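Below, chain A partners chain B and then partners chain C, in two separate complexes.
Then we have the complex of A and B:
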């Protein structure tokens, strides 16, 4: 395991151009990081992932801003491809730790919408950032949250003023660079009655730590997606917390398709009656990838609803893990909380773990959870093959069918189609040598 | 020999148990044959082995399609050469719409996307022939279908995919009289010099609507008798026992 002394944060971070209060917050987080222990397999949530965490190269140099910018026509091909024909309200593109390109509809700007880099926002709109930053994902949550709080160098800030409804999505693309450790942080604040969609996509290489804090003030509605399609020698550790006040709606999607080791900790806190959190997850581990997920539905208020629906596929020697907790505080009466995890294994070497949990301290509630792990159905496979589908095409169709009800629930058609294509490529890709002939 | 499906001395087992014990059968293109026999005779197994079900082990013998030995080919290669099986128990695949499934299947077989207009015309005609509702095309494959609807869906695929050789495994069981007539109408519409079918059935009922050119009777993993349509009528009248007695006595 990485020693703290080998991770020099102080020197590089002192160079960041930021307000003093933020430097102090970082300093406190850094002290906490130095003190807290690394997660081990004895921590329930890290039971299956602690071993892989050891492989994350925390000693890679920290990615720092270098002032690199791009013109729109210089945007990387992968980003341009994704934007083809897409309508959007705003766009941020990060290269490493640089906010290289930013665009926001002029009309929205005038109405008080902010969509920019978090570091830039901390300098120019400190009052907006300061009241929410670190409130959803505080440093005290653990070793990695402390590191995330201390060392972030870039990320997105989205702010929607009261009552503003924007139908077009806001996009942020993060292109991570090989051989670097990068730490990003996203903060989204939707004031009362605001409505927006925000999609964050992570591409490229390197080791990336990401934290997202989502604030939904009363009656706000947010569609949120965190999509990770990084290269297969990269690492992606993600923690998200959303705070939902009364009558809010969050529709959340977490996608892990890339990286050697990826972990997502996604949680919603239901703080007011009428709050509704739908959390979807899609993941697919091939080769020797490990995709780890930990969800939390934390009901602190009565009369709120939450629904987790995570579906994963594994092939070759891929490992997929889901752990989820529904926690109901004593006051959380009339709660509806559901949790479903389904896993599909394409061959014998692939592995899945599914651990749903309930902690219920209220009595007048409706809660259910279910999970399943199943190999691909041989009969279905044979049926499709008698219709002329090759084995790979048949598997692809069955994987698409398996994920259809999650992808179909995403209100962003472009994104759903893109994900279907990435998944298809993974199904068709040559199996690992060790898998051949099985 | 070209233009026929030929089974030569076929022996096949399932989980170590021999089920087919030397089947010989010739189905020439342009003909419809019925395969009858009591439960457990191996009729369905024969259908699955011809289709290439990996759960069955061919121990001996050959399957020839238009003169080519397909015994060791994967199921999709047999399909691409014009073979089709309508299953007795079709699987349910939620998440795949019937129309989309058929479009993809045509694409897999031919390597190219079927022209949209032509494709929908084909679907429409098939649906009409089966006296069905177009609504079925947007449903998920067999999900929530009644037993009869599943069988009709197999025949719908048969009509749209237009194979040269079709095996219908008890497609008549579980159908009401109207559905049975619709299925018969579909098969009769396909009849012609470029189509052959093997109807696996227990009963004469379907054969009242589809007159077979030949009738084969299977018992204990072998074809024990072949004849004209009158053989089916005789079996309907007298059952299988007399034949069993004759065969074992012989």
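Then we have the complex of A and C:
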């Protein structure tokens, strides 16, 4: 296993312009990181991913802020393409660890909405950041969460004051740079009764570690998406925890399409009655990609609801992994919790692992889970071929149909269309096995 | 409680002990114990070596890092008796030769003599030594071997050696290693090609010495096109010392053969029951595991079928009923290694009081297993607010033509169903038992009649006073 020694982090991080309390928090996390063991295949959650973790180049230089900025017309092509025609309330664009571009509707700014870089927010609104930072994804969660807590250099901060409802989405784009290890962190706090949509997209190269902490105060509602379409020689390790208080609603989407090895740990803590968490996932591993997912629905309160729906496709020698846990604490009566994982394998060599788990310690509950792994239906394929579709077109149509019930549940149409295009590209791409003459 | 049920309630406590002094009792887990066991059994040198090597492997292998809490067991390992030889001069050939005290025990266990005569062969195990064993003449005529595992080694050494520990080697897991070192008792079954054994082969196991760990070992070989149903039931008197049961069961199902293995364990609730059950199924063969877990303090048992030949099939049907103080961690494994293999797992669990039942299973499809199909169904019923259930199903699929499905549900004893039955004049307890029986029905309908009757009565008793 590659090591990031304590020294590797200390010098670069000490240069960050930030308050003393934050430096102290980092220092504590760094000590914890040095002490905790790396995950191995013996850790259930890392059963299928520990091998690939070894390939992540933790010795690449840490991406640090260099003060780079962009004008709106200088935004990268990929970002401009994605924003074409889209209405939004705010926009952040990160180049490496630099917050290169930031935009927020003036009206919202006046009403007390904050949408800026997390490091910038820690300097200018320390009280807002400090009360929530590290509360959802603490360093003590493990080796990687400790590294994420110690070494983050950039990320988004979204704050919505009490009762504010914003229908337009907030966007953040992260363009990671080749040959660097970058660590990002996102913090979203929605005060009582606030409503917002936030979409974060990760593009580019390099090895990226991301943590997202989502706080939904009573009756707050958040639509949240974490989309990863990085280059296929890159790495992406992500951990998300949402804390849902009473009567809150989270609509969450995790998308893994890029990277050589991508892992997403997505969890919701249901802390009050009436909390409702819907977590969707879409992933597609081709070539030798490995897409690993670990979900948690943690019911600490009675009368809450949660639903996980993850769908994956694997092609070539791609591996898709889903592990998920519904945990009901004693007293979590009147819970409704569901978990579904569906997998589609397109050819020999592709593999899927599915481990949907339940740990239930209350009896007056409705819990179920289902998982399936099935091939493309030969009859459907044959039918489409008889109607003149090429094999690839027919497959694409069937893959699109397979993913439709998740993509169709994405409340942002532009995003859904964009994802459909990326998926289509992958289906049509020359199969890896054909290249090798097998 | 009706008079009849009271009698059964008493029976199910099994808290009686017979006054039978053992001839030899070996305590503690050392190479000396292992050597003495082998010596007492008059085993060939290769078996003594096998046992000693297994003991070394046991020392080296780690304890499981998952599943139920075994910390108490870890501390007590040296306090168990690893071999107890009752005072008989070898297996009895007829019922008359069985010692009086032991007969009395069987009577209290409720095995009627007449029933034994009807059954094809009753291998009744009294502690480690098989004291009573009868095989119907007809079976002998057909060439079916149904003897104690010790006799199997003695009289059929070549056949025995060809299969023994080939499916569950000592390196498989810590408890398989322990069993391999100190095994004693169990059955050896061989069914020759094409022979269909119509009546089930039945063995009763009993554990009778305080702090005694039973390490039965069963080897079943079903040759080409043959058919057999083996039934094992276990029970043990109640003692205060924690007891240990670690069995290893290996079944070889040859081409087009058909095998069924049924076991209902009702060990007392201070018993650790850690069992490895595995079958290898060749082309066109079929293996059914029917597994009932009612007793024990901790059970870890995951019957497995390795589907090695084209078109091999397996079904695993299981029931777990966990009460306060019990953690039943059970499940099943299907390993698909050949094309057109198929399997089905149905698991039904009930947790009552603070009982905890866990399903832990694996479906694995190798790249060669084209068109493999498997379906897993896990349903859990929770009786009380403090009852617990877990589901840990693993699916590892490396073939794109495989069709694998898993469904699990968790529900509680429903008020509306209870209420409906009560409005029809059915008392609450009976209504609860009725609902539970209905919940288990998909599995219990596969049980031999006498097992199903016993199980239903047991459920009635368990449900008494548990609602309302």
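In this section, the second predicted complex is superposed on the first by the 429 of 438 C-alpha atoms of A that agree within 3 Å, B and C clash if a C-alpha of one lies under 4 Å from a C-alpha of the other, contacts with A are read in each partner's own complex, and residues count from 1 in each chain.
We take it that a residue touches a chain if its C-beta (ideal position, glycine included) is under 8 Å from a C-beta of that chain, and two chains touch if they have at least 3 such contacts.
Everything quoted here is computed from the prediction, not taken from an experiment.
Applying the stated contact rule after C-alpha superposition, one finds that A:383 touches chain B and leaves chain C untouched. In the superposed pair of complexes, A:372 makes contact with chain C only, with no contact to chain B. Applying the stated contact rule after C-alpha superposition, one finds that A:330 touches chain C and leaves chain B untouched. By the document's definition of touching, of the two partners only chain C reaches A:42; chain B does not. In the superposition on chain A, contact is made by A:353 with chain C only, not with chain B.
For chain A, the partner touching the most residues, choosing from chain B and chain C, is C. Look at A:362: by the touch rule set out above, it reaches chain C but stays clear of chain B. In the superposition on chain A, A:397 makes contact with chain B only, not with chain C. By the touch criterion stated above, A:195 is placed in contact with neither chain B nor chain C.
Touching chain A in their complex are the following residues of chain B: 51-55, 74-76, 78-80, 84-85, 87, 90-91, 93-96, 101, 104-105, 108-109, 157, 161. Partner chain A is touched in their complex by these residues of chain C: 65-66, 367, 380, 382-413. Residues 377-380, 382-391, 393-394, 397-398, 400-405 of chain A are the ones touching chain B in the complex.
Against chain C, in their complex, chain A makes its touches with residues 42, 44, 330-331, 333, 343, 345-375.
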